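Next come two complexes, and both contain chain A; in the first it sits with chain B, in the second with chain C.
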Partner chain A sequence: MSFLTLQNIQKSFGPVQVVHNFDMAIEKGEFVSFLGPSGCGKTTILRMIAGFEKPSGGTLTIAGKDQRPLKPNQRNIGMVFQAYALFPNMTVHDNVAFGLKVAGKAKAEIDARVKEMLALIRLDHLADRFPYQMSGGQQQRVALARALAVKPQLLLLDEPLSALDAKIRVSLREEIRLIQQKLGITTVFVTHDQEEALSMSDQIGVMNKGKVEQLGTPKEIYSTPRTAYVADFVGAANRIDVSISDANADGTAHIQLGGASILARNTLPAATRDGILIMRPEDLRLSANASAEAQALPGTVVKRQYLGGKTSYKLALADDTVISVESHGDNHDGFDIGTKVMATIDPSKAVVIAS
Partner chain B sequence: MNLQRFGAWGAILVGAVYFLVPLIGTLEFSLRMRRDGYSLDAYRSVFSDSQFHQTFGYSMLMALLTIVFGMLLVVPTAYWVRLRLPQMRQVVEFITLLPLVIPAIVIVFGYLRMYNSSSILPLTGSVTGTNILLVLSYITLSLPYMYRAVDTAMRAIDVRTLTEAAESLGAGWGTILFRCIFPNVMSGVLSGAFITLAIVMGEFTMAALLNRPAFGPYLQLVGANKAYEPSALAVIAFAITWLSMGLLNLATRFSKIAPARA
Partner chain C sequence: MIKALDLRTPWPWLSLAALVVLITFILYPLVNILTASFGVGDVENGWSRLLTDPRGLSAIVNTLILAAIVTCTCVLIGVPLAYVTARYRFFGKSIIALLPLITLVIPEVISAQTWLMALGNNGLITRFFRDFGIHLPSFYGWFGLITVMTFVYYTYVYIGTVASISGFDVHLEEAAQSLGTSPARSRIKVMLPVILPSILASALLVFTMVVGNFAISMILSNQLPLLSVVTYQAAVSEGGAAPVMQSTFATVSVVMVMLILFFNRWIVSRGRFEIAQGRGARPQPITGWKGAAIGLAASFIVVVSLVPLAVIAVGAFTVSRGPVMQWGNWTLANMERVFVTAPQPLVNSLIYAGAATLIGVAFSAVVSYLIIKKRNAVTPWLDYISSVPLALSGTVLGIGLVVSFNAGWLPLTGTATIMVLALLVRRLPFGMRSAQATLYNIPNSIEEASISLGSPPLRTFFKVVLPMMGPAIASAAILTWTTSVSELSASILVYSGGRETLTIQVFRLIGSNLMAYASAYGLVLIAVILIPIVVATKVFKVDVFASK
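Let's turn to the complex of A and B:
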């Protein structure tokens, strides 16, 4: 049995249902992210796990124990908030010690644990500071230490990096992941930032309108999106309505596009012909070769945008379909508008999904 | 520009004269008890009056009880309204403002009708009961100031997230309120406390109609029967108010040293 299970969870606020029959099973020690836009229900689910919201229906268990009758202070769940939520009247030491004092631990034990936690986040030299004397990144690290000090059975992170600037966000996400792996603590992370989810998680649940659209590893989510919504939300994607001409037994299919035929992975059910072809702009390779090649789509450059380390192109194919291509490497901005080019793609990088 | 500055300084000067001249006059008059020159005889007379000590001590005690029980009422109420009943905020604010629009004499007559010796709760039937009623009256009178001071301090902290953070760390309601919320709204609590002290020390209507030996009725009694002592008492009462205001300022400054941020 999984460590954290959410079965058929529903949540309504008045007449508005924000979570619909939500199912998820998370194994012990896993780092799982709920990724989705604002209002998709990800924070509501996190708050139901923490006990701050009551589910309108469904079951929620941790280590086999039903959590619904338990109050938030009885669940032994650590939580880190977007707004840090450090107690302004307490020093860093007292903030980290708070949960241990509430639990009635001995002073020596508290001091040792606080020291250990502050060493973990590398802020042991700031133990006597008040929250207002620290930067946002430092405050959030203290909030993490405070949540971990009580040895929670589960750690919940509610967009903990959103209030920080870009550089701190990157370094702190690496630090959080390292600490999570070191302690082996089961963690649920809520974010709307795909880069955070992709870089930190064992599994990502992409959410839309109170439901999980797809649950999978970061690689699965990125390279094999199951729905057009996932393809669109995670990374950029060319979405083209296609009809497969020839489905093969090995899970590939031939597609006619822009006067060329390319091979792509086929996830459509048998006998289904119409679907959506997904191709990531960075998976397409541009060349000036005018002769027909396998897996190549002939087109004309209609737009070019130089972005420093890469250039973003728009190509018009023979049937007027416009696709995006990102070019990297030397001379990536070498194709002028109006140039005839070939865009080639590896069959494993193109996938046809149900429309 | 110069004319504008001159106008502003002129307005300040007129205001200062209007405020300071009567005060200086009162102070000067309080020092003229002796015919041959200035002296502190009026103050000596006031401080040697045992009734002064009794009424001052009584009002101080009443003020202290009003502050303690008032805060025990106001802080949890303001907290709960912010946390769970934000839609009720305007209703609660309206209720707390009522003592400003209902005259004290109307409130105290209402109390006398409700809690007289032949009522279900005959508070006026005993000295202790009347004292309790007086404290409750003072809490009502100071409600607009206390509630506003505490609510403003609560606005500066993220009450909901702090509560949830404490709850997730295993804290119960008592711990959350007294260790996480109360210390962070202390500037508001202190502001409310000093305003309450100033109000209670000079309050006349409630104490007189409930026949309690408070400082306000004593001020009136001395004013009706003596010449120089009332001026000395007025200066003392001003000093108490100014001390309260000074402490209030200090409390506000203290909150700037440790800003409450969530």
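Let's turn to the complex of A and C:
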């Protein structure tokens, strides 16, 4: 049995059902992200795990133990909040010591543990500061230390980075992941930021309207989105309605698009012909070759946006379908508007999914 | 940034003019009080006389004891009431939303009067119990003072505490719970320390209001000496010519309030936690016997606060012969007196409060604009001096005006001007606070946009800034109006024959024990206060409490 299991969890606020039949199993030591837009129910699920909300139905166990009869303070779960939620009237030391004091630990033990925790987050020199004397990033590290000090069986992170500046966000997400791996603590992380989810997680559950659309490793989620919603939410994608001409036995299919034919991976059920072709802009390669090539879509540059390290193009294909292409490398902005170009794609990078 | 005075623009000249006005009518009277306490002409130094005056000394001690007790009782009622309204939903909760209104609407003199009509020697409830052979303790003295002041002032604790509990980030409580504390304990360990500074601040406000209280103290203290009572009595017996003892007592009161304000500032600065505004807790419904009990207790408090309105409404139409109320017999004679026989107090109230409101709001708008948007070397002083009246009781202000403008270079005694001045100075901080709060929220760029489009600065102020301040000015006007109409302690010291206002009239009628007439004037007084509030909130949708 998995360490944390959520089975058929439901939650309604009045007449509004925000979580539908939610299932998930998380192994010990895993870092799992719930990724989704605001209002998709991800925070509600996190709060149900913590015990701040009661599920309307379903079961919730940690290490085989039913959590539903337990109050939040009986669950031994560490939680980090978006707005830090440090106790404003206590110093850093007292914040981190809070849970240990509640547990009735001896003073010497508390001091040692607090010291250890502050060393872990590299803030041992700020033990006597009050929260308002610290930056947001520092406060959030203290909040993490406070949650971890009591050696919780599970760590919950509720959008802990979204109140921070972009640079701090990147460095803190690396730090959180390192600490998580060092301690081997099972962690559930809620975010709406795909980059955070992709860079930190063992598993990502992409959520939509109270349901998990796809659960998988970051790589699976990105390269093999199972639905158009996932493809769209994680990274940018060209989504084109297509009809496959013939499905091959090796899981590929030919597609007619803009006067050309390309090979793509096919995930449609047998006998289904209509689907959506997903191609990531950065997987398309531009070239000036006029002659027809395999896997190439001929088109005309209609828009160009220089973005420093890359250039974003819009191409109009022969049938007026417009696709986005991102060009990297030397001379990535070398195609003028009006130029006839070829956009090629590796068959493994183009996927047809059910519409 | 404070800039040197640039005399080519109108702003420094306006600032200097405002400074002269504020110094003349706020600082100069205050300085006069301080100097007069050390003796005038042949009259001996007030401080040495105070040391040999047992009545004066016990007034100081009694006032401190009374303020301490009332502060405690107000906290005991206000904090639990605030907690249940901020955190729970229960039957009757909407009535409690009326509380802030009640404090504004009912002048203290009316509260004191109505409690007397209910529990005084000849009061409704007193007589009711007497019929059963039960004799209630006398309402005069400590019993009445503590009861009435508690029910008048607990709302200040309630309002302050409700705001801080509602703004308290519920995630802090959740963080504590996830670290192992029970819900009840997390409230004590995490919420209480965070909201404590605002509870203390509102408690200290109550303390200063008790120290400065005039109407309730005068009506209910009877033989018990209290600071505001002995100050008033000294002022009446000395007049404006040799105002030594009144100035001494007034100085004591100023020092007391100053000390409390410094203490308050110290506490606030110690407890200044910068909390990222989180979401407050959703009020939880409580039902069953708990909900019923809380709803009942809360409603009881509110009903008791509302009793004055009911008693006065009945009293205004009750037949009386001298001090004897003939309950159950109805008449319109009392009202006829207010509107026909002796309407002067009503007319005076309308004129004086109207003038004070107009001048006060206009002055506040301009001076606040200078303080916030056109800072120069003078404007910080405008800010300090205009907030001084907050620390002065009405009695002190009245004495200051009498002492300063009794004779000499600007004799105002006996004029309508000094009446308006008393109201104006006393209520100036209301208008200032309201206008400043709004101006902070008007970005400079809006004004700069107007100027860059070719509109000169003064025109920009009138065409762009002033309209944006509109709602705040309206709410400041209503606050100034209601509090001016109910003002008593300053105006009673500066008024002369024929210049009585409604509050002064009610106060004098209570002194003569003519409760039916007092009720009639009181009812009209409440109407004069209430009608603009109702019209403003219902018709013009003004948020009267925006600046509170």
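What we mean here is this: the second predicted complex is superposed on the first by the 355 of 355 C-alpha atoms of A that agree within 3 Å, B and C clash if a C-alpha of one lies under 4 Å from a C-alpha of the other, contacts with A are read in each partner's own complex, and residues count from 1 in each chain.
Note that in this section a residue touches a chain if its C-beta (ideal position, glycine included) is under 8 Å from a C-beta of that chain, and two chains touch if they have at least 3 such contacts.
Computed from a predicted model, the values in this text were never measured in an experiment.
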Fit or clash between chain C and chain B when superposed on chain A: clash
Partner chain(s) touched by A:Ser355 [first = chain B, second = chain C, both, neither]: neither
First (chain B), second (chain C), both or neither touched by A:Ala163: second
Touching partner for A:Phe98 - first (chain B), second (chain C), both, neither: both
Contact residues of chain A, present in both the chain B and the chain C interface: 50-52, 71-73, 75-79, 81, 83-89, 98-99, 102-103, 130-132, 143, 146-147, 150, 156
Parts of chain C lying in touch with chain A, wherever the complex brings them together: 169, 171-172, 174-183, 186, 190, 193-194, 271-276, 278
Parts of chain A lying in touch with chain C, wherever the complex brings them together: 50-52, 71-73, 75-79, 81, 83-89, 98-99, 102-103, 130-132, 143, 146-147, 150, 156, 163
Chain B contact footprint on chain A (complex, rising order): 50-52, 71-79, 81, 83-89, 98-99, 102-103, 130-132, 143, 146-147, 150, 156
Of chain B, residues touching chain A in the complex: 157-158, 161-162, 164-172, 175, 179-180, 183-184, 186, 258-262
